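Same chain, two partners: chain A is paired with chain B first, then with chain C.
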Partner chain A sequence: MQLKNIKKKMSLATCVLLQAASPSVQAEEAEWDVDTAILFYSESDGRVNAVEPAIYAGRELDDDSRIDLRLIVDVLTGASPNGAHAAPVAQTFTTPSGKSSYTAKAGETPLDDTFLDTRVAFGADWQVGLDRLSRITWGGNISKEYDYLSLGASATYARDFNDRNTTLTTAFAFNNDIIDPEGGIPSIFQPMRTAGSGINREGADDDKSITDFMVGVTQVISRETIMQLNLSFGQTDGYQNDPFKIVTIIDPATGLPATASGSSFFDTATTGNLPYVYESRPDTRDRTVLFFKTVHHLDEDVINFSYRYYDDDWGIKSNTFDLRYRYELGGSYLQPHLRLYTQEAADFYTHNLALGIDVDPTSGAVSQDYASNDYRLAKSETVTVGLKYGVPLANNSEFSIRGEVITQTVDDGSVPEGEEAPDLDAFILQFNYSLIW
Partner chain B sequence: MRTFILIFIMSFLSACSSLGVEPWERDLLAKDSMQLVPDYLDNFYDEHIYFSKEASSGGQGVGGGGCGCN
Partner chain C sequence: MSEISLSKESDCWRGNFTAMASPCEVLMEIDDEDLANRVMETVVDEARRIEAKFSRYLDDNIVSRINLAKGRPVAVDDETARLIDFADQLYQMSDGLFDITSGVLRRVWRFDGSDRVPNQDEIRKVLDLVGWHKVNWQNNRIKLDQGMEIDLGGLGKEYAVDCCVTLVRELTDQSVLINFGGDLATSCERRGGNCWSVGRLVTGSDQSVALFQLYTGAIATSGDANRYLLKNGVRYSHVLNPKTGWSVPDAPHTISVAASTCTEAGMFSTLAMLQGHQAREFLSLQGLKHWVD
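And now, the complex of A and B:
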């Protein structure tokens, strides 16, 4: 009897609770999670400077679906290494348009300072629930800059297992990029010409397609720990040269950029050919990436650690370690960040090409298939140290500021002293304001 | 390769079945700071910066867009 009474009372209480709760549930409208930020990026020695405002907004559309949107504007100015190395003599180069020239002093790394670009990128992800345990996310992105257009689409399928403690993910993405560089597409291994003497070009634009496939598993380990492991395969097909990068042709007799004394082809006064040729990279690239991440909750603080192993058939192998420690200060927080990256050089990374060995002194023909002196393809190491401070404000909003120092050290082997690719120091300052809207 | 992926998935599923928490033990996991990508824009900026300075990219997901970064 008493049990029956308790049951009755419990049902009544449940009904009252449900009735009280339902109007507010119905009235509750999905809200936008909005994150706004501006990033200032500055490289030392007058290289690249960037200002990047960005906005992200995401919201639940209904019980089964949500949408995430992002917009980023990227304003770049400054100078970028053109691929030629420093030399004990002054060097003159022609701008990509072929109309004017610039000079690097003796001992100075040649930088093309005509670099100025604005990029606008927009992306959207739409997640749809398929059933109680699985969902698919459709993604799209477009990125446009003065000489570059990137269009992409992706699909990510995720399914939960083991009481939602395990999530298996499989994803597929396709991107098509079109490059339309100032002056057109340079002819590979053809020489840069003196300003106003015509340019070696083979068409206005070119393109590449990028296909990515990923499988991953996310596992809840305990109340405090979650882990993720992803394996990705990617393939890029098409034009992958940097149209603004050249390779120096040296005369082994002098160790200096080729001149009339060693090559009739590089007799600049007569032929208009400068001792630099446009780089050449393979038109396919296959990548494999293994990525591991774990997030662990201590008593108050949170550790976020990731490791990535990257390998491709250009010979690039890299290891990336990333550690963030969120130190709670009773509401606000401090977050130190450490990132370590090491990379092996691409097989075709070349300091320069030599007359009589790699280059025919008479015809200028290059005997290699591929060569690039782009420092990003060299053996290198990047260390990033940063600190972020975040403070909660009224109405679930938050303000944060982040500062980071990036140091990139390039190891281009045993090259003559003074010709080494310069190291890079970059600084980041970022302000974030996030809110619920 | 297909066999490898299948073994990869199956071994994880069987190994993972003994791990995890009950639904009422997800309080910490639900916190913003416990998400795999807790700061969306920080992550987006970082991916873009390192994509333009290093020869490796990807791992966390797929897509996201390219650029003609110098």
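And now, the complex of A and C:
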């Protein structure tokens, strides 16, 4: 036998034998497992910056029930692309309130820098054992930001089979979201108007409902390996536009945003109509998600791999590969992380709408049902590379630090040079402290 | 059944009895005599229960049913299953050095201080009956090939100490030390930051020559002064390698290990013994306090 450190394995095996929660913890007092984290997210080129403190706490209530709580706060600042593409001329836009304007220089991706929000989310899960082999988890969540309210509930039933080597899970979740944006809900395909000349809007707020159903199986393959396969179906109904995103109307003769020379409707000086219309997306979205995950324990290290396939009726298909390797360093650990994400564009993703082809020059009517130039609906590839270092501290607590670099490449097809959707680089830094309280 | 005694010391109650072929001692930092009596009864009952259930020297228990099944599978209860699962994990962790089927080697190795070292042929015959990998263990059913045997004695005493500690904690939150033949554990810390002082038996001596000072957790000791063979100047320790069937060369005489539970301490002292001259290095690698002689 090669000499090796088997302390952790031995402690775990002894714990199972003695059926104690933890060797150094007195059994009679249930304790809170608390996980606190603060995450900093920063996009390049002065786009979005976020600070996200979070706290998670869970405890056993008695032998067969437990509760888990989470509170997350997001503070976002910075600027986000407004949907219009970069053009060789300066472009002027109206802020969502309709009261003031901002300008993007020639060749610059138009960013709406009035973007600033704070989100507070709270969730709770209550797991109850039904009998020795099955349990149900009731979940609830609420999330509130300045212009958004989301309420959700879920139920998850899990049952063990085959000497607890197999677990079947089925879950149902429902969410209702209300959006109440600054300036109201813009009318689809109606032009953005110059500051002070009123907003084309169809109401103050709107909502959508999200329903998901999942079935899954978790299988213990061996003492070292566990696998999980989930299949889920979901539907979103209701308002799914981004109220702050617009699409550029170009004059095909010049390739530039339409002006009075090409269209009486987009003669900004006389009509107040800017050559940008509010985007339009379908109000239903059906999706199918397949998720596979495996955790494999080597002698000391742990490999964690997952794959996710996503397909929806907007035409978006995506593949996510995620690999983590936990190197044990005799107590502390180092965990490299690699994630690859590829996505196909939505059917209605478009660089712009062309005057006289897609848009009537006199009435401004758009001939198609849906169009969006939101880069999140474009074909894209994202690579995430990260590293986490964790070190155990006294009294069963642990500190970890994680850094990740995210590189997203957007491929919006054959568009004129200088007008491409910008690629995105982002950086994540997270500090985490977990303890038993 | 041997006698049980309870006496008042200067700062605690002391109970003594015999179980598992070992002198057993219970020290209780308890003022109330009734409570001390109840703790003592609980410990004695639990020790005797575990001995009766798992001793391989008794003919009507789960271990003998498994060993006498003549190749048929035997269903076992949850507690036995947990012990066998644990032994299975120890087998994996130790790359086969800890093996509950290795007891049959004692048919050819008799550690009586003589020079009767078995020859390779004798060893080969019994070695065929050794090997946890040959055992069919699944769904709480165990099946041994005919002639094979299991012996849970290698972990029974330490397991009994931990079970007693768990039961004692339900009775009192005052500190109790349980010591079954040198394998010991505390239920919690003593008052006023005091520790329990426990004598340590060292090879070659009938006297307790050293003292452990134990505040919390457990200590287990492996080794036995009088169990060895001596031939042509070579000392053959009673520690047998189940893969070769031979005595482990250069095994230390005594190893004590401190850990949070007695079972964990005991398993590490046993595994360290099996490492022979690398015992110290093995224990240092685990980051556990240890004493090797």
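We adopt the following convention: the second predicted complex is superposed on the first by the 410 of 437 C-alpha atoms of A that agree within 3 Å, B and C clash if a C-alpha of one lies under 4 Å from a C-alpha of the other, contacts with A are read in each partner's own complex, and residues count from 1 in each chain.
Definition applied: a contact is a pair of C-beta atoms (placed from the backbone, for glycine too) under 8 Å apart; a residue touches a chain by one contact, two chains touch by 3 or more.
Keep in mind the model is a prediction, meaning the values are calculated, not measured.
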| item | value |
| --- | --- |
| Partner chain(s) touched by A:D163 [first = chain B, second = chain C, both, neither] | both |
| Which superposed partner A:R223 touches (first chain B, second chain C, both, neither) | both |
| First (chain B), second (chain C), both or neither touched by A:L338 | neither |
| Partner chain(s) touched by A:D177 [first = chain B, second = chain C, both, neither] | first |
| Partner touching more residues of chain A, whether chain B or chain C | B |
| Partner chain in contact with A:A124 - chain B first, chain C second, else both or neither | neither |
| Touching partner for A:L435 - first (chain B), second (chain C), both, neither | neither |
| Contact residues of chain A, present in both the chain B and the chain C interface | 163, 223 |
| In the complex with chain C, residue positions of chain A that touch it | 1-7, 9-11, 13-14, 16-20, 23-24, 26-28, 163, 223, 330-331 |
| Chain A - residues contacting chain B, complex | 35, 37, 39, 41, 48, 52, 54, 56, 58, 70, 72, 74, 76, 80, 115, 117, 119, 121, 123, 139, 141-143, 145, 147-148, 150, 152-154, 156, 161-166, 168, 171-173, 175, 177, 179, 181, 210, 212-215, 217-224, 226, 228-232, 234, 242, 244, 287, 289-291, 293, 295, 297, 302, 304, 306, 308, 310, 312, 314, 316, 318, 320, 326, 333, 341, 343, 346, 376-377, 380, 382, 388, 402, 406, 408, 424, 426, 428, 430, 432 |
| Complex interface listing, chain C residues touching chain A | 82-83, 85-86, 89-90, 92-97, 139-140, 159, 162-163, 166, 169, 188, 259-261, 263-264, 267-268, 274-275, 278, 281-282, 285-288 |
| Residues on chain B engaged by chain A in the complex (per definition of touch) | 5, 8-9, 12-13, 16-17, 19-23, 25-29, 31, 33-36, 38-42, 44-45, 48-50, 53-68, 70 |
